[in-house]
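Given below, in the form of structure tokens, are the structures.
Each of the next two complexes has chain A plus one other chain: chain B in the first, chain C in the second.
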Partner chain A sequence: MVNTLAPERAGHSASRARPPGPGPAARARRRQTVVAYLFLAPVLLFFAVFLALPLGFALLLSMSRWSGFDLGEIRPVGPANFTGLFARGSTFLAPVLTNTVLFALGTVVIALAGSVLVATCIDRLRFQGLWRTLYFLPMVTTVVAVGNVWKYMYEPGGLVNGVLNALGLGSVAFLQDPHTALPAVVVVQAWASAGSAILVLTAGLKSIPRSYYEAAELDGAGAVTVFRKITLPLLRPSLLFVCITQFLTGLQSFALITVMTKGGPGDATAVAALEMYRQAFSYGDWGTASAAAFVLFVVVLVITLVQLWVFRRSGEDA
Partner chain B sequence: MSRRRQRVPWVSYLLVLSGAVLMVVPFLDMVMTSFKGPGESGKLPYRFLPKGFDFGNYAAALHQLDLPVLFRNSATATALITGSVLLTSSLAGYALAKLRFRGRDFIFRLVLATMMFPPFLFFIPHFLILVHWPLAGGNDVLGRGGAGLTVSVVALAMPFLVNGFGIFLMRQFMVSVPDEILEAARLDGAGEFTLWWRIVLPQTKPVLVTLALLTFVDAWNEYIWALLISTADPDVMTLPVGIQLLQDYVDPTRTMPVVMAALVLSILPVLVLFLLLQKHYIRGVMLSGLK
Partner chain C sequence: MGRQRGLNRRHFALALPSALLTAGCAAPRQGTGRPGDPIVLTLLSHYSSGVLKKALQDPVDEWNATHDRVKVRTKAVEFTDLLTTFMVRQAAGQGADIIQPYCLWTGQLVRAGVLRPAPPEHTAEIRRGYSAAAVGAASVGGRVYGYPTETQTYALYYNARLLRAAGVPRPPRTWPELTEAAERTMRRDRYGNTLVQGFGLSSYDDSTTVGQTLALLNAAGGAFVSADGRSTAIDSPAGRAVFELEHRLVSTGASAPGVNVYQAFPAGQVAMVISAGWWTGSLKPLMGADYREVGVAPVPVPRAGDRPATLSTGFLLGVNAASRFPREAWEFLRWLNAERTGPKGVTRMSALQVSVGSLTGRADDMRALLGRGGDPNLRPFLDALAYAVPEPNMPGAQQAKTLLRTHIEALWTGQQSVAEALRGTRRQVDQEVSRLW
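Entry: the complex of A and B
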């Protein structure tokens, strides 16, 4: 893949050999440049209005106080919004940012463990496409459906408590109890994201040569040893990819939480992106909201870089 | 083939099967609940199956939710997004893959960079940009005085009309279209637009299907941005937002079966499309691993 990413230099050097002056070749090139920018115009315009402008605007807002109506009333306040987030009594660091990291970490651990297990098993079965499809269903379903079905299943008269009762256990108020609310939501997020992880890991497993397993079997290695010494190390690139993407989604996503708990009970499931959303659109504190967005951006970036670093250190490839 | 392949792997079957049950049961519970009567859902002890298969909840969903309007809004936004992403991605992809011009490498790197920015960074500025869109929704030239574009169904689609990943995907596949064919057609006097439409697009049809499907599913299921726009103007509410609203504001024990019925109807189009074209969709998810 790396090769195709590199821009093809061959064309450039070939065209450089043309004689100077506005010959037909030069005219053709100029025409190609005009056409290229015409083809790219919608994209470039979009990036200017919906990428560059918003980034600048968000940066300006993060260092201003603004109630949200007249653009002329934006008042610069320096880094006050950022220091406010980390001030004593602010809920941003704890529980909000802690919840965010716990939510992402819990999701990654459950989804990764589950999908490694399922993917290695699927690899030995027939009808692999059918299994993958079943595990993939939540991925193509709107978060409103996923959230509401699980919310309903967690209720006292819902499926989960029905199963608990049938096993002779007492009911649990999963989403109403501050101690169980976050784990309950984490399980749903992991359930919903396992499908793509299984997909990537199955592809990774397929690329491991069968001869390695056969050699290990001839040497009399047990299943656990084979898994630890062959499967896991050779699966590292896929694992890294799954880990990073799932962490990214986990740290950013708040749609599921908005649907299931709205951050409650209390602040038990409040996460950073939801807090940013509420600061802006419920409380009208656009400055604090924008500052929170940038802090979350930095957190996401740092966690991603740390993962890359850890995976690089624990193995030469990656 | 090795010996362990020939033995039936019972443990694996059991594990994968129980996992699959875990995946499917919530969907079945949704369908079952959608048939339950008012006195049936949320009652103890829990019963999986409904007493009878009554379609009353589906009628109620159609009635209480104004589903046709919600469907129309969702469909309009999804069509706008999918159409625009296909068009802009294939145009830009062609320019980046097959045309030589100054600034090409820079623009390609810019496209790659756009994929790194997390979407939540843009919610606030995007909303404000649409509110202050000049000369729309009662705004003056400086974008003051009105609600801007937020009161239009276009607002649902605006931030998603161009997709960095889509451009990247199209570019990667168009690179492999042989230059000789294009040069020959150029010598015959064909313009670049003709080349794009007549030669390159037909050759990259499978990728276009994949990109269309990925975009369609994401656009149809989008919730947070649509919620924001619907708060500004309830007339442009989409399916997920409308159903969630019904769930939030009416007595949950009574309305849950109606909500489930509406959910079944709303996820049906995507589910059918996914099951029919899943090869293309799954390939798209695998390809997104390339970035």
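Entry: the complex of A and C
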């Protein structure tokens, strides 16, 4: 609306002698620009304060040494923090980063497989809203509560071991055994995050036209074929969304592991976010923490791009 | 008229932030500092709730009631947020005048220039009045940085009923006795669930992993780090002996690191465990009448006749290097920690700590306060003040402690052998500690 008015005013003023300096059209355009920036200002300010500024500060810290107390004490050290992360004897690459990727991968696989199964079942049930709400409940429960409840369930004498004992099996120290600790936490993370995936996938299933299923039924296709040839390909956008968001959550996971294992036993469940927190807030080594944050950012970016590429390629193949 | 209104709005828009800014800048948060003007000192601690908060507030109220010019205002956060709060407030230029850090962080705070060294007269007072362990915990590189407040020593808690039932007549004094008692008292069901843990090794927290290990290490005459704090000393015969002892206890099933000893001991499911003195205050209400079966003995030594030793940890009250009123802050600390008062002639801090079931590093005060009729279980902790070794507090001490814990857990869970755990601890701790000096 504003743009359509501007040329008219410009044309009207063109018949008069043009005064020195910018004309009315230019002034109007400048005024519009100023107004536009004024409207954008709160958002830009928000991003500057909460995104650009911390990002720039983190970048500065990643190439500095800072104990976290005095801003005047930031000392540049070049890429030393990055090389330190991958130096011989450093635990950042293995087990910390390895654990992080395994944790995220395990979470995605379990949550995705489970939520596809559950969403497909819900799609065939009555009271779908009720089922979706039930499965979404872990999402609205605090991670601390979820972590503590599962911690008690995993303990020797807890519910899980009680079931194993009732079946005549020996107890398993799930969170104390370095071989079972990470998978045990992965299961909890997958369980806790499946609710949102189920919500997205049930919506995705609803958007698939019923006519496809009817046509397949007329052609005599079985349930497995229908699922493989119709449901899964048409669910791909929802699956991609779930896959990427679950991976992002898994790679940045911190609270659940802190509550359940604190990274132990040993460093069997140490992940990047926990390591960053320790480096910054416990050890006062903000440089290493910031460098680790940027490395994790690159890992997240690469994994996300790979997922996009794989899904796009499989879409073209289909 | 419209112009007039516009001007008013513009003036108002300019005037409001300016007024707020001026008011904010001019507000005497700590007083103006001019001679004779009132001064408000802030004290940041972790005494944030319940009896701890009241225990500190009482003497602060007494100071405020008896001192006209210098007032003290307490601020408190949970212990888990304490170090982070120091960092954030210091970076924002809002650091408290007086801070109460955990001694483990002293080196880190000194390196960051947060703690101010104690003036000579206060240093002399601290060295004169406190046990060597308490002074060591409040010092870095031989320089004292504050008044030691809460001091904890480690000793062996035992459940006399469980020992008696296993035919163990008295608490163990040596490691062979400890091993035998632990193996005799342990019980498991047919599924492998621990019913009674002989000796409570637990991966629950730093205290149950590193605290116990360092107490045993000190008892064996060893040390975690060298005297100058620049390298680790755990890869030694004493360190090897401790790791072998723990490895044996876990592999025979006498210890089950997955069990939370803080719950299992009061429930009568742990026969013996090494812990700090503060725990007596928690055990009494938790165990009720069963507490009479709880005894405390010195940490067992490797062989009969070895000199006793154990670990001590603690907190200190120091003055922020950024404080505008260091003289007043030190004067308040002297009044709180060194001035004797009351019928028993003890310091206010000693009375405060004993009132919350804790100890200070002033052995004479503790003896006067605990006296006869007190909990006899506190006596071994008090005796240990004479021979306890302070927890290392060099720059990077927290990181060194976490690394040690990682390797202890790896040893307990069979991920690493004794030699690998010792070697790994030495390599990683040396690397980090040397980098941070």
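In this text, the second predicted complex is superposed on the first by the 269 of 318 C-alpha atoms of A that agree within 3 Å, B and C clash if a C-alpha of one lies under 4 Å from a C-alpha of the other, contacts with A are read in each partner's own complex, and residues count from 1 in each chain.
The definition used in the following text is that contacts are C-beta pairs under 8 Å (C-beta built on N, C-alpha and C of every residue); 3 or more make two chains touch, one makes a residue touch a chain.
Predicted model, so just to flag it, every value in this text is computed and none were measured.
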>> Given the alignment on chain A, is it a clash or a fit between chain B and chain C?
In response: clash
> What is the contact status of A:F247 with respect to chain B (first) and chain C (second): first, second, both, or neither?
Replying inline: neither
> chain A residues in contact: does chain B have more, or chain C?
Replying inline: B
> Is A:F311 in contact with chain B, with chain C, with both, or with neither (first, second, both, neither)?
Replying inline: neither
>> Between chain B and chain C, whom does A:A268 touch in the aligned arrangement: first, second, both, or neither?
In response: second
>> Quick check on the superposed pair: does A:N165 touch chain B, chain C, both, or neither? Answer first, second, both or neither.
In response: both
>> In the overlaid three-chain picture, which partner chain does A:P156 touch, first (chain B) or second (chain C), both, or neither?
In response: both
> Is A:S67 contacted by the first partner chain B, the second partner chain C, both or neither?
Replying inline: second
> Regarding the shared-chain residue A:F297, is it in contact with chain B (first), chain C (second), both, or neither?
Replying inline: first
>> By the touch definition at the top of the document, which applies to A:F136: first (chain B), second (chain C), both, or neither?
In response: first
>> For A:L55 in the superposed arrangement: first (chain B), second (chain C), both or neither?
In response: first
> Just one of 9-17, 63-71, 81-89 or 279-287 in chain C hits chain B in the overlay; which is it?
Replying inline: 81-89
> Do chain B and chain C land on any of the same chain A residues, and which?
Replying inline: 70-71, 155-157, 161, 165, 281
>> Per the contact definition, I'd like the list of chain A residues that touch chain C in the complex.
In response: 67-71, 73, 89, 91, 155-157, 161, 164-165, 169-171, 173, 175-178, 263-268, 270, 278, 281-285
>> Please output the residues of chain C touching chain A within their complex, sorted ascending.
In response: 83-84, 86-87, 90-91, 108-109, 111-114, 191-194, 203, 256-259, 396, 398-399, 402, 405-407, 409-410, 412-416, 427-428, 431, 436
>> Can you tell me which positions in chain A touch chain B when the two form their complex?
In response: 1, 4, 7-8, 11-12, 15, 29, 32-33, 35-37, 39-40, 42-44, 46-47, 49-51, 53-55, 57-58, 61, 70-71, 114, 117-118, 120-122, 124-125, 131-146, 148-150, 152-153, 155-159, 161-162, 165, 191, 194-196, 199-200, 203, 210, 213-214, 217, 241, 248, 252, 254-255, 258-259, 273, 276-277, 280-281, 286, 289-290, 293-294, 296-297, 300
>> For the complex, give me every residue of chain B touching chain A.
In response: 1-5, 9, 11-13, 15-16, 19-20, 22-27, 29-30, 33, 41-48, 87-88, 91-92, 94-96, 99-102, 104-105, 107-108, 110-111, 114, 117-129, 132, 143-144, 158-159, 161-162, 167, 172, 175, 191-193, 196, 217, 220-221, 223-224, 227-228, 231, 239-241, 243-244, 247, 256, 259-260, 263, 266-267, 270-271, 274-275, 278, 281-282, 285-286, 289-290
